[in-house]
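In what comes next, subunit A is part of two complexes: it sits with subunit B in the first one and with subunit C in the second one.
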Partner chain A sequence: MAVTLLIGISYVVIAFTVAFLLLYAVRHYLLGYSRLRIDQPKDSMELVGFYMPRVTVLIPMHNEERVAADVLQAIVDSDYDWEKLEVIPVNDRSTDKTREIVDGYAKRYPFIQPYHRTDGQGGKPAALVEACARATGDILVMFDADYVPGRAVIKMLVAPFADPEIGASMGRVVPHNIGDSLLSGLLSLERSAGYQGVQQSRFNLGFTAQFGGTVGAVRAAALESVGGWNPESLTEDTDLTFALLLSGWKTAYVNRAECYEEVPQSWSVRRRQLSRWVTGHTECLHNYWPDLMQSRFLTRWEKVDALFLLAMYWTAPVLVLGWVASLLLFFIPEAHQTPWLPLALAFLGYQLFANQATFLEIGVASMLDGTRIRSLLLPLNLLNFFANTGAICNALRKFYWNKLWGSGGDGWYKTHRTRGTSGGDGFFGGSGAGASVTARSARGLYHARAEGD
Partner chain B sequence: MAFFLFSLFFCALFYLHFSVAHRAWRQIRGRESAELDMGYVRMEDYFGQSFRTKLAGWMKTLPRATNSTAGLRVFDKGNERIFVAGGAQYPAGRKEREILVIEGDFSCGRDCEFEKELMVKGDCAIGQDTQLQALAVDGTLHVGEGARVRRWVDSVKQLTVGADAVVASRATSRTAIEFLPGAQALSLFAPEVYTEGRHEVELQIEVAPSVIVQLPHPDRTAVAANGYDPAKLFSMGGNTYLYDGDLHLTAPVHLRAAFVVRGDFSCPKESLLEADLKAHGAVTIGAASVVKGNIVAGGDIALKPNTYFQGLLHAGGAMRLSRGVRGLRDKLPVAAYAAGVVTMESNVVVNGKVASAQWVVAVSTPVAWLEGARGAAVRG
Partner chain C sequence: MRALPFSNVRLWAGVALALAITVWSVFYAVPIMEAHSRVAAVLAGWAGLPVSGWAPVGVFPGLEPASGPVLAIPTFSEVSEGARLALLLSIVGLLIVAQRFSLFRNVANFLIVLLVASAVANAVFDNFRLESITFGQIWLRQEMLVWLILPWVLLLLFVIPQPNLLRGLVWVVFLQAYGFVFSAVRMVFVLGMLHYTGLIFMPPLWFLLGTMSDLLFVLFFYSLSIHRSSGELWGVRDSWQSHF
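For the complex of A and B:
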């Protein structure tokens, strides 16, 4: 009796897994296909430099002595009109030399007005809440401290706000340390698929892009209208995306607003980063899905897309459940006497085709970026896939455990930086790990693109 | 034995599967993502400026060829050569296969062909039906009637794009661009871009009309009137409003807050739009209106005659700038961009940029654009 019940449950689980994951597979295929098919991506590049509102750049910092000078220098070097620019480095209780570096820049450039936090709730969202109260710009642009924006990035991020429906804009994050470890190489593929592929594709199709909290901008009035940042959220960016969406504001994606970041080089750092994202994201799912489904501002397909986006981390545990159920059926002799073949075939079919859908997106993005050699790493991405599946399942287990028993969740975790540890001076010092990026900047994608414009 | 062979085969397959990836990883290992130009700044005249810079570098570093004479200097650049002359007048039908640098004035007759880039440091006049690759001029530039430029043109002084001439990419000038009827380009950028017959009609704004629709309407419970239904209005916060449906106003509008219309929008003549407007569909602005904010449309944008705009226009479809339209504002240039064809009627003046993902075309008389034949004549 118990065995029969187990077999029955396994069938149901497999059927659910196949159905659930196939929906995502269809989504991945559609996004990948549409990204290739649409010749003319939706963007506002032709308006860049023609729309120049007052801008406040916010840079949250916590013990950033290794990278603070790089990001500040990059902002100083940007081509945005200094008279319309205000930069607020938010020094959140740093114990290293961040304060001295920031104050040094503030002395030289009057538009840099640091805000030194000494108490209050920790974490980036809480710091942003306080910093935003001091900001005077119509548009708030955000960079994490380890990012190095190019000269025109601020102009590019601001251009979409000529559209009054746009509440936020999101640029593209490009890892610079692709060759530092296998993980960073694989994550560069993942980022490429996420931005060049999925974000652009969703934006082309009329869905709202996802605001990422860095290399992004938000309209101050829109932010105020939704009650500002959620200091309780671990992913204040995703939280804001959906808060804006519920009020009718859209998020634009600007593919060419490219900015360098340092992706994790070790699996433990990656696991912790992913854990924070999963927890914050799933929290947003629980907070927003009922309102999203009833929103008068969204079309039916926008609601479906939003739900897919919010529930995306569920795919990992569902897949694991499917694996467990199929193993059970394999090892229970009684199951072999029942017609399980159709379900097994369906599961196999999913493994063969649907599970490759995300790989297709990576391939599409690599092709569009012209980085074909990196796309050859795709088979090794299986490692990333299994590691992600484990980390996501563990994070979700913790999240729902905490939710069930009311215990406190994870705190805000700052991703470990390695730039500057090699003894160099960083991007602008000329000898650090990232110095080669500027040194080799004369050739590359932008020139190739411009010539073909 | 069979099991052993199967295992061997499986291992071989497994290795093949990952060996390519492993080889790729060995190539990438230790490299930085250096494919982006961090110093790159988007500039409208990027091509012209970039070519001038590269040319100056070549002329400093490249060896001069042995066949150089006093009147003509020749530089060898790999498979190409650069001819440098003091000034020149090419007769009709002449073909030039090398990069040409003219240090004085230059003119050519009709039906000439330039396979490589042309740089002129004085004034330049290109003959009718001439074909060019790209052209940078430090003086004035006249692109003759029916000429074809495969890439870009850039001039420091006045640029005239002659009737029926085609510039396949960007046309830029630091002074002004005159865009004659039938001319086509992908993008025009100058302190002043204008079509034929400018100044014939000055902008005329009549006395404020007696019936005006105030948007957003102060009373949401008011009865629908003049094409406006207050019940369809929702606040998004941040002094921005959403109108759920088409909005075709029958009385002039005074738009005072940012407005998003989920449908088409049109307003009659002499309207005043002081804030940004977005329509998911088409936007039609009545004649002699004043647009102080930006207009973004998912579909077409049409500015009727003598409309004055001070912001940005961005259309997901086609765009029409009717006779007498003016685009100008203090400090910053304006921009009008459409994913479809941009049609500029006569006497249109835009201080800034007019661009399209397809073509910007000048017409002397209204064509059957509104009757549904838009773009067909241009693409043909």
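For the complex of A and C:
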């Protein structure tokens, strides 16, 4: 009796796993195909340079001596009118030389007005809340300290705001350290699929792009209308995406607004980064899904898309549940006698095939980017997928455990920077070299890249 | 703007080929499975496996039986000391991999769980056994379903979203044939392991060499096709970043 029950439960779990993952597979295929075939995506490039409101650039920093000069130099080199530009590096209680670097730039460039935090709640969201109160721009542009924006990125991020319905815009994140480790190479493929593929595809289809505070902009009035940043959130950008969406604001995606980032080079850093994303994202799911389903601003398909986006990390534990169920069936000899065992295994096998869908997205993005050598790493992404599954399950376990028992949960974790650790001269060979590199970036953005995405 | 608009020719040519392969696989399921068994028999002979024969085994209701291998598979108490030592060494080896190679950590940990669960189940239930015929039956059922699904997956990956139609169609035929031969190779390898080590290694073998292998070989060839298409369609997007 007990064995029969166990077999029954296992089949139900496998059926649920197959159905749940199949929905995501269909979504991946649809997004991949739609990105590949649409040659006139939604784009605001024609407005670049014609709409130039007052802008405040916010750069949260905590012990960023390795990277602070590069990002500040890149912004100084940007082609945005300095008269309409205000830059606030938010030095959040750094104990290294971040303060000296920032103050050095502030002395040379009057539009750089640093804000040094010495107390208060820690973490990026809390720092942003305080910095935004000082900002005078109509549009707030945000970069992470390890990001290097190209010359025209600010203009590109600002252009969509000519549309009064746009509350936020998001640029494309491109890893620059792709050759430094196997992990960074694999993550660069993931990023390509995520931005060149999924973000652009979702924006083309009229779904809201996911705002990212690493290279994004938000309308000050829109931010105020939703009550500002959520300082309690570990992913304040995802939180803002849905807060804006529920208030009727749209988020634009600007694929050509490329910003260069440093992806994690070690798995321990990657795991902690992923853990923070999972926790923050899942918190958003719990906070927003009831309101999303009832929102009068969203179509049915936008609601479905938003739900898919918010629940995406659940795919990992569901997959593991399916594995456990099939393992149980394997060890129950009674299950071997029923013709359903191979069928169940075949369904799981089909799910493995369905998981090709995520690789289709990577393939599509690789083709669009013209990635050649790196595309050969694609099969290794399966291992990356296993590693992610473990990290996500662990993060979700902690999240729900903390939710159940009310303990603190994960706190803010600053991603470890490695720039300059190998050569000693920094990514740009020191900030003095930054100008030439960002100038090369700008050439790419203005000319060769004009038909490049 | 870079894009690859679909063409009706590419779509319908791909669908026609996938449909043809599927229909052919359904109508000739028994001869295909028989051919698979014959290839496996030849490979088993080359490997020196003492297969005593291939007996009829019903794979799907309503179909004539195919052939399954007849080979002794020992229970846990019957396996040699060497096999038990191999189990221990495998667990130790996987622990080392899990410690030293982060990329493989989760896979290695999962395999360790499978091995330990298998060892416990085999030790506690000594009557836990799998006949080689049953193994052949399960394998053929699974792979037959894979061969039915495969052309459609290949259509979605190699034909519709890629620029060269003819090459896409060749990929589909080649990979379908490759999947068939690769299945026979894997089946013989697992049979050999079953014969010499019993059921101890069966769960991890099933995990690694079952549908996971089908996924992996498709992924491997997909990466090659993307590599080729990327260079053919457009140049690398100009970027100041160093290329990997």
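We adopt the following convention: the second predicted complex is superposed on the first by the 413 of 453 C-alpha atoms of A that agree within 3 Å, B and C clash if a C-alpha of one lies under 4 Å from a C-alpha of the other, contacts with A are read in each partner's own complex, and residues count from 1 in each chain.
Basically, a contact is a pair of C-beta atoms (placed from the backbone, for glycine too) under 8 Å apart; a residue touches a chain by one contact, two chains touch by 3 or more.
Bear in mind the structure is a predicted one, so any value in this text is a computation, not a measurement.
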item: Touched partner set for A:386, first subunit B, second subunit C, both or neither; value: second
item: Which of subunit B and subunit C A:26 touches, first, second, both or neither; value: neither
item: Subunit B versus subunit C as contact partner of A:293, first or second or both or neither; value: neither
item: Touched partner set for A:12, first subunit B, second subunit C, both or neither; value: neither
item: Touched partner set for A:46, first subunit B, second subunit C, both or neither; value: first
item: First (subunit B), second (subunit C), both or neither touched by A:330; value: second
item: Subunit B versus subunit C as contact partner of A:368, first or second or both or neither; value: second
item: First, second, both or neither for A:359, with subunit B first and subunit C second; value: second
item: Partner chain(s) touched by A:3 [first = subunit B, second = subunit C, both, neither]; value: neither
item: Those residues of subunit A which subunit B touches in one complex and subunit C touches in the other; value: 40, 174, 176, 178-179, 182, 185, 188, 258, 260, 369-371, 373-374, 376-380, 437, 440-441, 444, 447, 453
item: Touch list for subunit C against partner subunit A, complex; value: 1-6, 61, 102-107, 109-110, 114, 117-118, 121, 128, 130, 134, 137-138, 141-142, 145-146, 149-150, 153, 156-157, 160-162, 203, 206, 210-212, 214-216, 218-220, 222-224, 226-227, 229-231, 233-244
item: Subunit B residues within the subunit A interface of the complex; value: 17-18, 20-25, 27-42, 46-47, 50, 169-170, 187, 234, 236-240, 242, 244, 258-260, 275-278, 293-294, 296, 311-312, 314, 316, 332-335, 337, 339, 352-353, 355, 357
item: Subunit C partner contacts - residues on subunit A that touch it in the complex; value: 29, 32-33, 36-41, 43, 174, 176, 178-179, 182-183, 185, 188, 258, 260, 266-268, 323, 327, 330-331, 333, 336, 339, 341-343, 345-346, 348-350, 352-353, 355-356, 359-360, 363-364, 366-380, 382-384, 386-387, 389-390, 437, 440-441, 444, 447-449, 451-453
item: Residues on subunit A engaged by subunit B in the complex (per definition of touch); value: 40, 42, 44-52, 79, 148, 150-152, 155-156, 162-165, 167, 174-180, 182, 185, 188, 219, 221-222, 224-226, 247-249, 258, 260, 296-297, 369-371, 373-374, 376-380, 433-434, 436-438, 440-447, 450, 453
